[in-house]
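Attaching a single structure in structure tokens format; questions to follow.
We call the chains A, B, C and D, going by the order they appear; numbering starts again at 1 in every chain.
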Amino acid sequence: MLKGYTLPRSPLGFAAATPPPPWHYSSDVVGVDYWTDPAATAALLPPGLAPDPKTNGHAALLFLDWQFTAQNDELLDPARYQYREAFVLIDAVWGDTPVMFCPYIFVDNDAALARGWAQGFPKRIGSVFQTRSFAAPSAAAAPLAAGSRFAGSLSSHGVRLAEARVTLQQRETDVAKIFSRPTANLRYFPQLAAELQDKPAVNELVLSVTDDLKIVDLWTGSAEVRMPEVAGEELHALAPRRVGLGFRCSMAYSVTDLKTLERFV
Amino acid sequence: MLKGYTLPRSPLGFAAATPPPPWHYSSDVVGVDYWTDPAATAALLPPGLAPDPKTNGHAALLFLDWQFTAQNDELLDPARYQYREAFVLIDAVWGDTPVMFCPYIFVDNDAALARGWAQGFPKRIGSVFQTRSFAAPSAAAAPLAAGSRFAGSLSSHGVRLAEARVTLQQRETDVAKIFSRPTANLRYFPQLAAELQDKPAVNELVLSVTDDLKIVDLWTGSAEVRMPEVAGEELHALAPRRVGLGFRCSMAYSVTDLKTLERFV
Amino acid sequence: MLKGYTLPRSPLGFAAATPPPPWHYSSDVVGVDYWTDPAATAALLPPGLAPDPKTNGHAALLFLDWQFTAQNDELLDPARYQYREAFVLIDAVWGDTPVMFCPYIFVDNDAALARGWAQGFPKRIGSVFQTRSFAAPSAAAAPLAAGSRFAGSLSSHGVRLAEARVTLQQRETDVAKIFSRPTANLRYFPQLAAELQDKPAVNELVLSVTDDLKIVDLWTGSAEVRMPEVAGEELHALAPRRVGLGFRCSMAYSVTDLKTLERFV
Amino acid sequence: MLKGYTLPRSPLGFAAATPPPPWHYSSDVVGVDYWTDPAATAALLPPGLAPDPKTNGHAALLFLDWQFTAQNDELLDPARYQYREAFVLIDAVWGDTPVMFCPYIFVDNDAALARGWAQGFPKRIGSVFQTRSFAAPSAAAAPLAAGSRFAGSLSSHGVRLAEARVTLQQRETDVAKIFSRPTANLRYFPQLAAELQDKPAVNELVLSVTDDLKIVDLWTGSAEVRMPEVAGEELHALAPRRVGLGFRCSMAYSVTDLKTLERFV
């Protein structure tokens, strides 16, 4: 009897790219709230989503250092399960419901990629780094304090795709200033039989469900973003026209479920 | 209108983890034919496949350095598309048809991983190396000649999973001595909605279709294999009991299609 | 006029593998204090150092996540300068002075490797991970609290060289329980001219000088260590016979100097 | 008695970053001959070298896939010893002797970095890829034939530093058209004691000695090069003004010696 939430399936289920849910996460986040070309965000929305008439063009760029664990002490195998992630979210509506949609996301870990595909996060492998905050005082420590600066960078296949810098200004207790909409994703998995390559086996609009969401130590401040034009990539179509707040926080949640909004197959 | 054979889907289709088929491949291969515990191979077969009554326990371990291209000169972006791969194949039957099934496979590239999942190859990210044969004579050249030695190694997340060494003995013109069965795979993609996590969205037994298969410069010889026991992995259940021929060749084919044998959803 | 503290030297000095000192560091540390074969530690000491008659065989294994900066905001380029490190220290004496000597150390970053060679730390490139402590509460957070568990792992070239697990038991205010001796290193750089390959250009015993050392949030507890035997490596000769305290802390210091104890060329 | 050509030195000498010479190498090479700003090449020359009055500004960009072995079958441990390299050479003279000087070079392997530093090659860690030529015919094979195209790319720390594309036009039997001068390097190793940080311990101009040099299968053709401006790097100061021949060949040699031209300490 084969086990495994994803491939590869095996007698014990240890070989799978990711252990099964529930999945528990805790992270540090460096991010920037910004506005880009409304035509570029509209062009990225899948069936079922429409541009938000009030905020189309609004986006966020986030860098996250994640620790992950499932039911088997995965946090004690950081070489296999700890990871770094960068992604963009863009405003949209599903009917009357405001959401954010994730068009691009990169991680440095295949377990995270496999979970992402199951969730509809369109993960590719990238190289992601963020300035960290360390407890021991030093010019290298980046404490959580006004004036501290944090940077994030994303590369894939040796090409820099995005960079951000954030200078902390004040602690912010109202996390809704940054995180106020649910995340919509496209679950999508193709077929390969010759006549079916444009008829995906899975094509559904879903809503991410995050249990026990906790956002702590939120700071906001000023920010800069760079998304250089790169041949063969399209992230730069979402380059900022106007940058809003930068932010830095810690965030945790668990994933045990997902809500399907619409199925297209 | 979003384009992209896989996620992420984007206006131009460049952002996708892999370009759409046809996919063209050329490689160098270092491999070993061997016999393992028949219970271990039987335990890995998905629904639809049965142990081959004549050869159950027979397996092969292969290391491949791949060059890939689709329709857009991908071979000129080797940082994004060139890759290395290691996998195991085990004998099985589908009805009366002898096949080899791929239970475990690792690549060092996300484009290859994405294509693999579409094909039913259960790819995870690994670090794969093989001794190469260079044209300029040197103690470092490993020419295709009797006595030359080649090694392959596979690691994932910093842990060595398999090693092989092959000593060439003779050129072999009959490629059927090594490659004589089609490859069966399990296309499998899960759901995440809470009540459906054990009801995959895609679960089908397929047969790999390789157009224009070319195998050249085949040499065979003696071989050694090591598959050490590793916590949290299961590849070592396929460790050799008896090692057969080692081999080294170059192989090319194209992928434009796939044959579905049975659907389980 | 060429600039650069190390190679490559260039007109602006930006191309060098590392910026010049002062170097500022802040880190999180997961470590284990242990006892190994006294013959193995004695066999690793360079000229000028002798086994500590009271504590020979005493060693420590440390995993460190480091943030680095020099004078040019290097902490805002984490892709280039942030790094992870694992090393072993062994007890020794220099005359009557108790020291710890660093025989083996691995980092995942070439800037850190270059600084290490200048300091006499014998750095090679490795893949290093440690369980991190995150602020947002979750099963994945690993808070600094009794019962929390932390792991560290070191691999090089795809082979696991060392693993440790620490379970926190109590906060410890006396950092001298863990960090009580200065670190001695061997600065060593070879010649390549045929007749001089065994006559190093640089061969000197030095003492590491750490300014503004700060160790905070020190916790101690129980620990396990694994150093498997690996072909072509020698770290496993220092495998534990008896494990002492595990610990987890944050540490910062600056490097602006180094003390030469003895020159052998 | 400690052994090891470089750090770390150990009882058996296996732990060292590189085994001792003789070192044997075989490679595939994709390169471009070009002309850059003569002020930029002149500004990179160390003491002892002067701009070549006839060819100052002439340079070459090379990408090499290397296989390495020393005396212990290192070619059978490709995960540790096989590597990829990219570098630039610029014309200069040492007195009346025409040479090429290597100002910048990147490898993806620490054993190669350690050998490079001993030779005076100013190696940093990078991510290097080149299109390979495979024996099995396919759209992905890149045969050695007129019209075949090859690309090379160099990134470091996630930023693309250089790209080249070469289209083969004709086989070239006169290797002196490409490789006609010896390579001069700067062996350089700093001190860290506070008052000596600008007084290197090693600072000498050397000439690379390559035994048994073999260059085979040389093809030349047209070429393009891109060296984008990158913050914190200086390679782009050597961006092409005019591109000459592209080339592709295989090359082997051994290193057992090095010739010192001048010592500056």
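Just so it is clear, a contact is a pair of C-beta atoms (placed from the backbone, for glycine too) under 8 Å apart; a residue touches a chain by one contact, two chains touch by 3 or more.
From a predicted model like this one, the values you see are computed outputs, not experimental measurements.
Chain centres here are C-alpha means, and the one lying farthest from chain D is A. Between B-D and A-D, more contacting C-beta pairs join the chains of B-D.
Comparing the contact residues of chain A and chain B by number shows a mostly shared set, over half of all numbers used being common to the two copies. Averaged C-alpha coordinates put the centre of chain B at 33 Å from the centre of chain D.
Per-chain Cα centroids separate chain A from chain D by 39 Å. Residue positions 77, 79, 127, 129, 153, 155, 158-159 of chain B each touch two or more of the other chains.
Every residue of chain C that touches chain B in the complex is listed here, in rising order: 127, 129, 153, 155, 158-160.
Contact residues on chain D toward chain B in their complex (touch as defined above): 24-28, 65, 67-69, 73, 75-79, 82, 127, 129-132, 134-142, 149-153, 155, 165, 212, 214-217, 250-254. Looking at the complex, you find that chain C touches chain D at residues 2, 5-12, 14-15, 17, 20-21, 43-44, 46, 77, 79-80, 103-105, 109-110, 113, 117-120, 122-125, 156-159, 186-194, 197, 201-202, 206, 232-235, 237, 255-260.
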